[in-house]
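The two complexes that follow have chain A in common; it is paired with chain B in the first and with chain C in the second.
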Partner chain A sequence: MRFERRAHPSRALTILAPICAILLALLLAGGLIAIAGANPLKAYRLILTGAFGSRLGLSETLTRTTPLILTGLAAAVAFRARLWNIGAEGQFYLGALAVPAFCMLPLVSSLPGPILIPLCLMAGAVAGMVLLLLPLGLRLKFGVDEVVTTLLLNFVAVLFVSLMIEGPMKDPMAFGWPQSVPVPDAAILPKLMDRARLHAGLPLALAVAVAVWWVQARSVFGMRSRAVGLNPRAAAFAGVPLGRTLVAVACLSGGLAGLAGAVEVMGVKAYVTTDLSPNYGYSGIVIAMLANLNPLAVIAAALFSAVMFVGADSMSRALSIPSYIADVTVALSLLTMLVAIFLAQYRIRR
Partner chain B sequence: MTRVLELEGITKRFGAVTANDDVSLHLERGEIVALLGENGAGKTTLMSILFGHYTADSGTVRVDGQELPPGRSRAAIQAGVGMVHQHFALAPNLTVLDNVLTGTEPLWKPRSDRAGGREKLVGLARRFGLKVDPDARVSDLSVGECQRVEILKALYNDARILILDEPTAVLTAQEAEGLFATLRQMTQRGLSLIFISHKLGEVMAAADRVVVLRHGRVVAERRKVHTSKEELAELMVGRAVKRPTRPPATPGELLLEGVDLHLAGKGGASLKGASFHLRAGETLGIIGVSGNGQTTLAGLVSGLYPPDVGKLLIEGHRPPRHDVPHAIAAGIGRIPEDRNAEGAIGDMTTWENVVLERIWSPDYSTRGLVRRDAARATTEAILRDYDVRGARVDGRIRLLSGGNMQKLILGRVLSADPRIVVAAQPSRGLDEGAIAGVHERLLEARSRGAGVLLISEDLEEVMALSDRIMAIVGGRLSPAIPAERATQQLLGLMMAGDWSTLDDIAAEGVHAV
Partner chain C sequence: MSVLFDILASVGMWEAVLRIATPLILGTLGVLLCERVGVLNLGIEGIMTFGAMIGWLTVYGGGDLWTGLLVAAAAGAMFGLLHALLTVPLGLSQHVTGLGITLFAASFSYYVFRLAVPTASSPPTIEPFRPLAVPFLSDLPFLGPVLFTQTAPTYLALVLVAAIAWGLYRTPLGLAVRMAGENPHALDAQGVDPILLRIGAIMAGSALMGMAGAFLTTAAFNSFFPTMVQGRGWICVALVVFASWRPERALLGALLFAFFDAFQLRLQTVVDGVPYQLFLMLPYLLSILALVLMARRARVPQALMQPYRRGER
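On to the complex of A and B.
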């Protein structure tokens, strides 16, 4: 059996393949649910009603989707240029920490919301950028593999956050709990629903996804970053400045991950702890791959992931199936998706 | 004579494309058969079927009268068929001996019989005159030596039928001659050979019999003694092909001048004081044995890297910055040495490949956004004017054939009407019809008044196209001689670094002009 690359992958196939992949993953996970002693159809119905069936469930699902869209985009734009940013988790935390830090500056906290909110978001994005530019500089200057450096910087970043919230940024009113000073009320993102957590970060993330898609598809920068990723030698021959293009990609990628952290802290918690992120940064990598690095598909992949996690929580309470099934399903769908993407581009020959 | 190999009625389709259409072919013991055909004629597909990489849709392969099961390389190897690929399949970090032994012993054998293997390898090397050090690491070997290892690998598996896929594509002229002497020697020891080629010269030099393949069919079969280069060329292309001839030059003003250029090698050999000048309406050919700095020179003139010492003047000026966009803006059109690795990005669309190097120009972008309609229009015009087949404006260009890829690159470069054209190995790996096309385009640019800097290892090409010829040796350029004075022998001396007689010839040339 051999694989041959298709000359022109058909459009129908590129759309159909991911859908089949998700269905296959659900089928496989259904088998596991059955082994665990529950009816898979019932379990999936419970997952769906858990995620969408109530006002609160819907709010939770969409709240969880928000940071995943942003970290998914962070990974997608970087991977397009073959910049292996595995550090979205650390960039997320620094972006989050930057918000209360920025608000601690004199005079800042007295700014009105419409000015303060954009500034805080920017502070988060800049923090994320800085954390990614560091390993990129090492790669460009000394050829250090950024997979290793970005990955390890995640631990450095989380420990730095821990240092700050135990020390100079510790909230004196928190009964000794390690958490940062709270973000001023003016910097809190407006809520979209009464008595629920859903906040204005969601429309923001959606708009950012569309903007990123547009930049990738239509701009000179998007074309150059793809060229650098696909064939750096040919890109250099065509005069694409490799270093500058990668720096721009890193700013965008790190910025998006930092923005995710800022949005989360300004929309949900209002203060930073070291358990702010249930691996949003790492999930972003999975979501980007599920989306085949397409910024618009990142929205769907992030939603899928959020549905599985929120839904599985309520499903596991009802059926005593461990909520780990969400992790398993997302992981399975990643595997089936990679196979599906491969098959959409190649044909099998015997 | 006994038939050692018979292919009968082989047909293979890839989707709508028929790569092989009812192809039959046989090979006698001790014979060298050349499989001649243009790129895409189906030569490699046919050999891949024989070797079990592909399964034919119909037809049979027989070795010594025994039918081979389709699609199993191992069966082919066991039957005594060996294949030497164009792109070597060697592990560079292992020694020659390890490379040869790999795959010859079962995995679960506790200890490999290295002593026995070495003895056999050394014996084979001696018998067939394939000199190679079994303990050398493959990464330290030259290309010619790597090829010897590939051949030894096949012989080690007791191959009696050897298939060589474009064996000379990567060799210098001398290495190729050596290879053919070796092959001849091998047939005297009972081996039978098929080699795939699209070069007429080597087919005439080495083969006993020539099978010509065109569009997947056998169109002719000739004994070497009964045919000629001209007939084969016509059979291969399907019509008479003549390379264009060069009209007399009318050199104009000075366009490009390199003054004492030094540049430490960028993955190639260094430049150590190269000087040259190029006028409008002339072609300056630069010949040399590969690895003497021509890649570095081409890269420097193309704007990829600035010289460490010396200067490059374009129409008497130094561009404000030495980079690609400034080189292009100053009127330099660049045809890269490696069209797939440097000239094109396979997974981007045709139009993106066309405009990427000019994307900074207001023609193709405004305020950071790509002007897609303008880019598509330009691309459509190039596909039409330069007769690029098999490309779609919005399709990826990965699957373009070499000839069409080069047409696209020529179109990208020449449609912008550059004052200076830097062509590095412009016809490398192309077939006869495509080469004639490339030459025509380069001569056209010259008669339009462009200066053409032709960097090539193909002497025939340089002699046909150039008005003046220089040799590059060890990063330095010889004095230029007028093309009328160039003979294979003199060029050979120049490439070997013997320039003692050149100054007189060069001076004569100046008087003549």
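On to the complex of A and C.
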């Protein structure tokens, strides 16, 4: 048995493959739910009603989709250029921490919202960028593989956040809880729904996704970053500046992850803790792969993950199934998606 | 200065070095076996988590400690098989598949753990491996407690280093393993199927990763809790580069790393005014430093991350 690349993968197959992959992942996770002694169909119905069935559920789902779109984009743009940024988690945290840190500067907190909000978002993005430029620098200068360094820096970043919120950025009004000073009211993103957490971060994330899609598909930079990913030597021969393109990709990717952190802290929590992110950075990798690195498909993949996470929370309360089933399903769907994309591109020959 | 000397002279610290090093030795050997046949295995972090969970759960459910280790190794091998099937015959991206395995194995272990132990405010404990004094040798001053009163899995890990080093350089199978990572086409021409060999080596390496995780819950601690692996898997991936893909240097790297870890743990308690987070960052920063020092010098297996398809280049 061997595999042969299809010359022209059919359109139907390319569209059908991801759907089959998700269904297979749901089927496998359904098996795990059945083993735990619950009816999988009932569980999935509860997940759907939990995520969409009420105004509050819908708000939670969309609130959760917002950072996932941004971290998904962060991974997608990096992976396109074969820059293995596995550090979105750490970049998210630094991006979040940058917002209260920036607002602590003299004069900044008295700025009016329309000026302060974009500045805070930028501060978050820059913090994320810096954390990714570090390992990229090590790769370009010393030939250190960035996979391991970005992974290790995630732990360093969270410890740094912990250090800051227990030290110079500690909120004195928090009764000794380790949390950062709050973000001033002027920097809080406007709410989109009454008495619900959904905030202006969602339209922002959607706009960013479209912008990233445009940059990837239509700009010289997008073409170069794809070329660097597909074949760095050929790209270099064709005159693509390798180092500079990678630096630009790293700025975009780290910036998006940092932006995710800033949006989360300005939209939802208003202060930083070390449990701000339920693995948004790592989920972003899955989402990027589920979307096959397509920035617009990232939106759908992020929504799928958010539905699983929010829905599983309410399902687990009703059926006493551990809510970790959501993480299991999403991780499984990554693996099934990889196989599905492969089968859409190759045919099996005996 | 005398504080530093006191720490360095204390038996307790040197005793801890081998204990801290054991999961790193096992994990690094695991990564090494996978990469020697040309496959990156980023599943290690999740496989270690699952090994820690299933090893603990086996003992908690009434199995004995060695059964726990064995079950963890078997579970590791199964995740290894999954990783191998996706990356070797299918040739999927080794980075992404490995991360997928990590995310799946980790979340699956939390799921199983929560099913088995539904409500527990404090994690339930088991009776872990006791230190095993080697007759006579353990009576030696200083060296006795440091080297010869460790738990049994630590001795096993040391034996495995020797066994793998010997197997890799002194046996035909070892030669084939090394060839699978350097030049699988030549191996195929010799009549050995690189695909099967790669799958086998990845399973063996992943079994070691499972054991590395189980050591954490059955010897180093006595209970399981989520996120307990704490990046040790990633550190092992870094240590393999530091070791230049050689088992004996992997042992050295793990010991060196464990020494710094044991040292910073004790330093934390005596040094005032330095935030504890800075000490906790050290292991990760040291790993990055090790990578920077060795990246250009290390001899990377030539076919690392290159899928093998017969008749294709």
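Keep in mind that, in the parts below, the second predicted complex is superposed on the first by the 350 of 350 C-alpha atoms of A that agree within 3 Å, B and C clash if a C-alpha of one lies under 4 Å from a C-alpha of the other, contacts with A are read in each partner's own complex, and residues count from 1 in each chain.
One rule holds in what follows: a contact is a pair of C-beta atoms (placed from the backbone, for glycine too) under 8 Å apart; a residue touches a chain by one contact, two chains touch by 3 or more.
None of the values given here were measured: they were computed from a predicted structure.
After overlaying the two complexes on the shared chain, residue contacts for A:207 are found with neither chain B nor chain C.
In the superposition on chain A, A:230 makes contact with chain B only, while chain C stays out of contact range.
Once chain A of one complex is fitted onto chain A of the other, the partner contacts of A:56 are absent, as it touches neither chain B nor chain C.
Judged by the number of chain A residues each one touches, C leads among chain B and chain C. Contacts of A:342 after superposition on the shared chain: chain C is touched, whereas chain B is not.
In the overlay built on the shared chain, the residue A:41 is in contact with neither chain B nor chain C. After overlaying the two complexes on the shared chain, residue contacts for A:320 are found with chain C alone; chain B is out of touch.
Under the contact criterion defined above, the residues of chain A that touch both chain B in one complex and chain C in the other are 2. Per the touch definition, chain C reaches chain A in the complex via residues 40, 42, 82, 86, 89-93, 95-97, 99-101, 103-104, 106-108, 110-111, 114-115, 118, 230-231, 234-235, 237-238, 241, 275, 277-278, 280-281, 284-285, 287-288, 291-292, 295-296, 309-310.
Residues 2, 4-5, 7-8, 218-221, 223-224, 226-227, 230-231, 233-241, 349-350 of chain A are the ones touching chain B in the complex.
Considering their complex, residues 2-3, 32, 36, 79, 84, 86, 138, 142-145, 147-149, 151-156, 159-160, 162-163, 166-167, 282, 285-286, 289, 320, 322, 324-325, 327-328, 330-332, 334-335, 338-339, 342 of chain A touch chain C. By the touch rule above, chain B contacts chain A in their complex via residues 14-15, 53-55, 71, 302-304, 323-325, 328, 334, 336, 341-348, 352, 356-357, 359-360, 365, 368-370, 372, 392, 395-396, 398-399.
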